[in-house]
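The first chain written gets the first letter, and so on, giving A, B, C and D; residue counts start at 1 in each chain.
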Amino acid sequence: MPTHTFEPTHYHHTLGTHPPVLRIAPGDTVQTTCVDAAGQDRDMRPVTPRGNPMTGPFYIEGAEVGDTLVVRLEKLRPNRRRGWSGVVLAANVVDPEDVPRLAQAQGAQRWLDWDVDLEKQTARLASPVRGLEGLELPLEPMLGCFGVAPSRGEAISTATSGPHGGNMDYRGFKEGVTVYFPVGVEGALFFLGDGHALQGDGEIAGTGIEISMDVQFSVDLIKGQAIRWPRGEDAEHIFTVGNARPLDQCVQHATSEMLRWLTGPYGLDIQSASQLMGQCVRYDLGNIFDPAYTMVCKMPKKLLERLGPT
Amino acid sequence: MPTHTFEPTHYHHTLGTHPPVLRIAPGDTVQTTCVDAAGQDRDMRPVTPRGNPMTGPFYIEGAEVGDTLVVRLEKLRPNRRRGWSGVVLAANVVDPEDVPRLAQAQGAQRWLDWDVDLEKQTARLASPVRGLEGLELPLEPMLGCFGVAPSRGEAISTATSGPHGGNMDYRGFKEGVTVYFPVGVEGALFFLGDGHALQGDGEIAGTGIEISMDVQFSVDLIKGQAIRWPRGEDAEHIFTVGNARPLDQCVQHATSEMLRWLTGPYGLDIQSASQLMGQCVRYDLGNIFDPAYTMVCKMPKKLLERLGPT
Amino acid sequence: MPTHTFEPTHYHHTLGTHPPVLRIAPGDTVQTTCVDAAGQDRDMRPVTPRGNPMTGPFYIEGAEVGDTLVVRLEKLRPNRRRGWSGVVLAANVVDPEDVPRLAQAQGAQRWLDWDVDLEKQTARLASPVRGLEGLELPLEPMLGCFGVAPSRGEAISTATSGPHGGNMDYRGFKEGVTVYFPVGVEGALFFLGDGHALQGDGEIAGTGIEISMDVQFSVDLIKGQAIRWPRGEDAEHIFTVGNARPLDQCVQHATSEMLRWLTGPYGLDIQSASQLMGQCVRYDLGNIFDPAYTMVCKMPKKLLERLGPT
Amino acid sequence: MPTHTFEPTHYHHTLGTHPPVLRIAPGDTVQTTCVDAAGQDRDMRPVTPRGNPMTGPFYIEGAEVGDTLVVRLEKLRPNRRRGWSGVVLAANVVDPEDVPRLAQAQGAQRWLDWDVDLEKQTARLASPVRGLEGLELPLEPMLGCFGVAPSRGEAISTATSGPHGGNMDYRGFKEGVTVYFPVGVEGALFFLGDGHALQGDGEIAGTGIEISMDVQFSVDLIKGQAIRWPRGEDAEHIFTVGNARPLDQCVQHATSEMLRWLTGPYGLDIQSASQLMGQCVRYDLGNIFDPAYTMVCKMPKKLLERLGPT
């Protein structure tokens, strides 16, 4: 299968029906890069306005509305030695009474810098804050924002998320994961960006450790399979992603999508799927910071091995 | 330290200021039992009405409002070979449009039975549903509902939860965990029940695998330390628990409580705690079925080792 | 029908199964008083701790679980010339980013005083704040918190609300209204308090103009009619009350209760009730400040005149 | 001031930066039409796909990002004798347990027809459902969906709403109202559609009585005044509009916007605005059916007369 190399020259701040930068076929691999959430490239140069600028869109030949786009994140490699993060927790993740304390602690500084050691694959605060002098965290590189053009002509800000993907900030979107998106427009139009060297659940400081990345991904198509919400798969789990507010609704979307998955290709009926999910499901929190929040519903693959898809 | 053996003769369906069944001292251990959520004992006899009947309350000598009760769950052992679970997913955890499908699949049967193998520590459906014929799940025994009497004279149904604990249905409340509750009344008045042989996140079928249990716990007191929400600690994490609706608010309570913990005994300031939490926090889902939902905020202990408490 | 006069000597801070202060029969009228939310009586004396102290409970002869208690608020008369209110808006009713502005404006003062003119039936700020020098507001006296003992042994704080009523802070609970509560315990056990001289929707400053009151109410019973949520009726509307969080769930409870009312005693089927509600319903906001919020679903009585109850 | 007559030939299903159909100046008046939510014109011909097709956009000369667009709805006149509405209540406005009842009552029919009497200004069900035989409702024509192009290149579906307006379904958007929108793109780009002959609060059946309309509106600009959420004004109130989920967040947006209005042009400080809002505010419910819900915060104009704007 061909491998394309693509170096972006412009970026998008919405996921929408923008002119493709590259046309690729199912099975193809792409090597490219993305800037950080503030539009800074590998040399910390601001090459585009801030706000999760996207590389792409990539047009996948043969993708039509009602298909499923398959994206495999083959390599996610931070490509510089400087990351940054928000200074204090976001106002919406603490009790309202605690917001003034956060505001006082914010100070003049908007961001804290992190030194990223690409050899050791760790991150340290560039100017350690009190009490965290020796803190060294292992990298877990991931994409905060990626997805496809939404259906019906919408162009959705990269600040938020929806059935098309977008700014989900889920730690599970790391190297090796396979992600499924509902194709909403001809060619699917795949976008990616918002690299995080690592991130806590919820992205509760409003950022991960934000960084530019070298990215390699491959694509495939499942023709005629319509899904409603992003799905994914890694070595241990299949998972579904609900993007909405409040979190309760994220859970509803992700749970309904898992129910459709298990009662569709996996061939369970409602009672069987309910037993399996009721006693074995796991949920992860994506972000609880953006306009739409994200919850992920996971099922261990080993429980599904005997079930299908057939 | 003394070990008490207590066999319950009556049960409570609220956590409130009920007459103590036993008075114990900080440091003491108690061996007791609890019935299942339907009020059935080790012999499947219905000994009390359904709805999370509680064993207790246990009066802890010296506990006063403003203290913290420490409970260590030393042993949680299912004591019979039969469990049961809800037949289909709960109506509130799927998209509203999917509720009729669940209702149709419910059928006449309210519950499914599980065979619990106490030697192998596994559970199997007693009459396997289609597609799950070979399913065998490892036990992860836990308490669904436990806690203390709420403050200010409230008596809260064991169907729900709050700052006093209650029906949190969190998988992390298993053998070996230490849990901290805010003391709301003199003597704290500790209750426990609602054994689960195992359970998926969210308790989304409305039950875990419900079972009676032999329970051993010990108690301690932290005098003069007032906490607002339950806290806990296992081998790998410290954690805080928020009980409310919607889940967003659970996250706010648990996050604010973690912030208080890290900026209190652990001695971080707001900025330091924000960095640590922002990049390293994990969230777990307790139940998303009861009147109040539950989210848990976790911090790895190894990150805190150098920090304190001093 | 007899009229009882009852002067309270103690108060309750939960709605629960407390010893009755008076036993009355269906059809009886009671003249009594309530202190303000801070426990201050008509002479501004603090006679009980703050937090919506309740007068009662009144035991209604013949009331059994599964009946409906009918309460008519015949007179609600502020009985002193001083009211008070919160200084700034509550933290949870504004965008999280605006909370620090409110905190700064709070100042040292916890409350503002209002002069209540009982002849003119108006209220004015005792020390006008800048820009509101001439503000004079017409009184609309109402009860913020009232209801019955909850079922199943619960005792619920007067800070919050539920199916039993409680702290709903709805402007529609004023003189002349008839309110229906589900009887949860034998005798129903009716409580009342938390007088407001007037209040905006939502009680968004955390208080109305808080005041003690002379109250006259009468009671009746509807035997064998079980309702799930409080209902009410005034000259123009019938209405149902949902108490929960988030507001979406209040709307669900109130709407489902109205659907039950219209498809029950009023004899409509689901389609008819849907048309009438879909095109004619009105919603009011009770409080959006307490642990449980309140939304009210209203139907104009003139649309129902031809329908029943028959 | 000039009056333009514009007859649409195509429609949009997103509010976005689409090519203007007409350029008008501040002060101008436009006479135009809109189709109904299903894309049917005055002759019930389907002239465009369903889903709130929009007439426009109208480009307002001189409008720049950071200005406020003023739109006065001068005439809203249903222009045919047939309307239609959803058959049963929406699944998300009732308790989850009640959804199956609604699904059963839905039947094969998707919509019910209404006869609209343009002389009497009333609506009657074309084929009365049982119990509603004599029902005749007065028209209250309103626009369900209108607004401006969002900022930052977004194109938002007319199924939902946001700071730019959109599908708010608020009964207050009727003839005579003045509405203010934040200008997000050059020329503002104003759209309108989704006529309702009348509607209950919440649009809880998923529709009002849907109908095509003749519309006359005029526009103006407030240069250099940036607002965050739509605002409005009628004979009795000023109001602000919050569009989000859950309703709690709508209330937060609308309340914060009202606070900005009162502490901005009206010159109050936080304490004064808090008193006025706390004791005098009213909230209305727009829709609780779309992806984003709508709540409206209102202040009586007579209370503001002495205050400004100065």
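Definition applied: a contact is a pair of C-beta atoms (placed from the backbone, for glycine too) under 8 Å apart; a residue touches a chain by one contact, two chains touch by 3 or more.
Which chain is which protein? Per UniProt: A, B, C, D = Acetamidase/Formamidase.
From a predicted model like this one, the values you see are computed outputs, not experimental measurements.
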Among the remaining chains, which ones contact both subunit B (Acetamidase/Formamidase) and subunit D (Acetamidase/Formamidase)? A, C
Using the touch rule from the top, work out which pair, C-D or A-C, shares more C-beta pairs. C-D
In angstrom, rounded to a whole number, how far apart do the mean CA points of subunit A (Acetamidase/Formamidase) and subunit D (Acetamidase/Formamidase) lie? 34
Per the C-alpha centroid definition, the whole-Å distance linking subunit C (Acetamidase/Formamidase) and subunit D (Acetamidase/Formamidase) comes out as 32
How big is the gap, in whole Å, between where the Cα atoms of subunit A (Acetamidase/Formamidase) centre and where those of subunit C (Acetamidase/Formamidase) centre? 46
Can you list the subunit D (Acetamidase/Formamidase) residues in contact with two or more other chains? 92, 96, 104, 245-246
Looking at which chains touch which, would you call it a line, ring, star, complete or other? complete
Help me check something: in the complex, which residues belonging to subunit C (Acetamidase/Formamidase) touch subunit B (Acetamidase/Formamidase)? 13-14, 16, 51, 152-157, 244-246, 249
Contact residues on subunit C (Acetamidase/Formamidase) for subunit D (Acetamidase/Formamidase) in the complex? 85-89, 92-96, 98, 101-102, 104-105, 107, 112, 123, 125, 129-132, 134-135, 137, 198-209, 245-248, 251-253, 255-256, 259, 267-272, 274-285, 288, 293, 303, 306-307
Within their complex, subunit C (Acetamidase/Formamidase) touches subunit A (Acetamidase/Formamidase) through residues 91-92, 96-97, 99-100, 103-104, 246
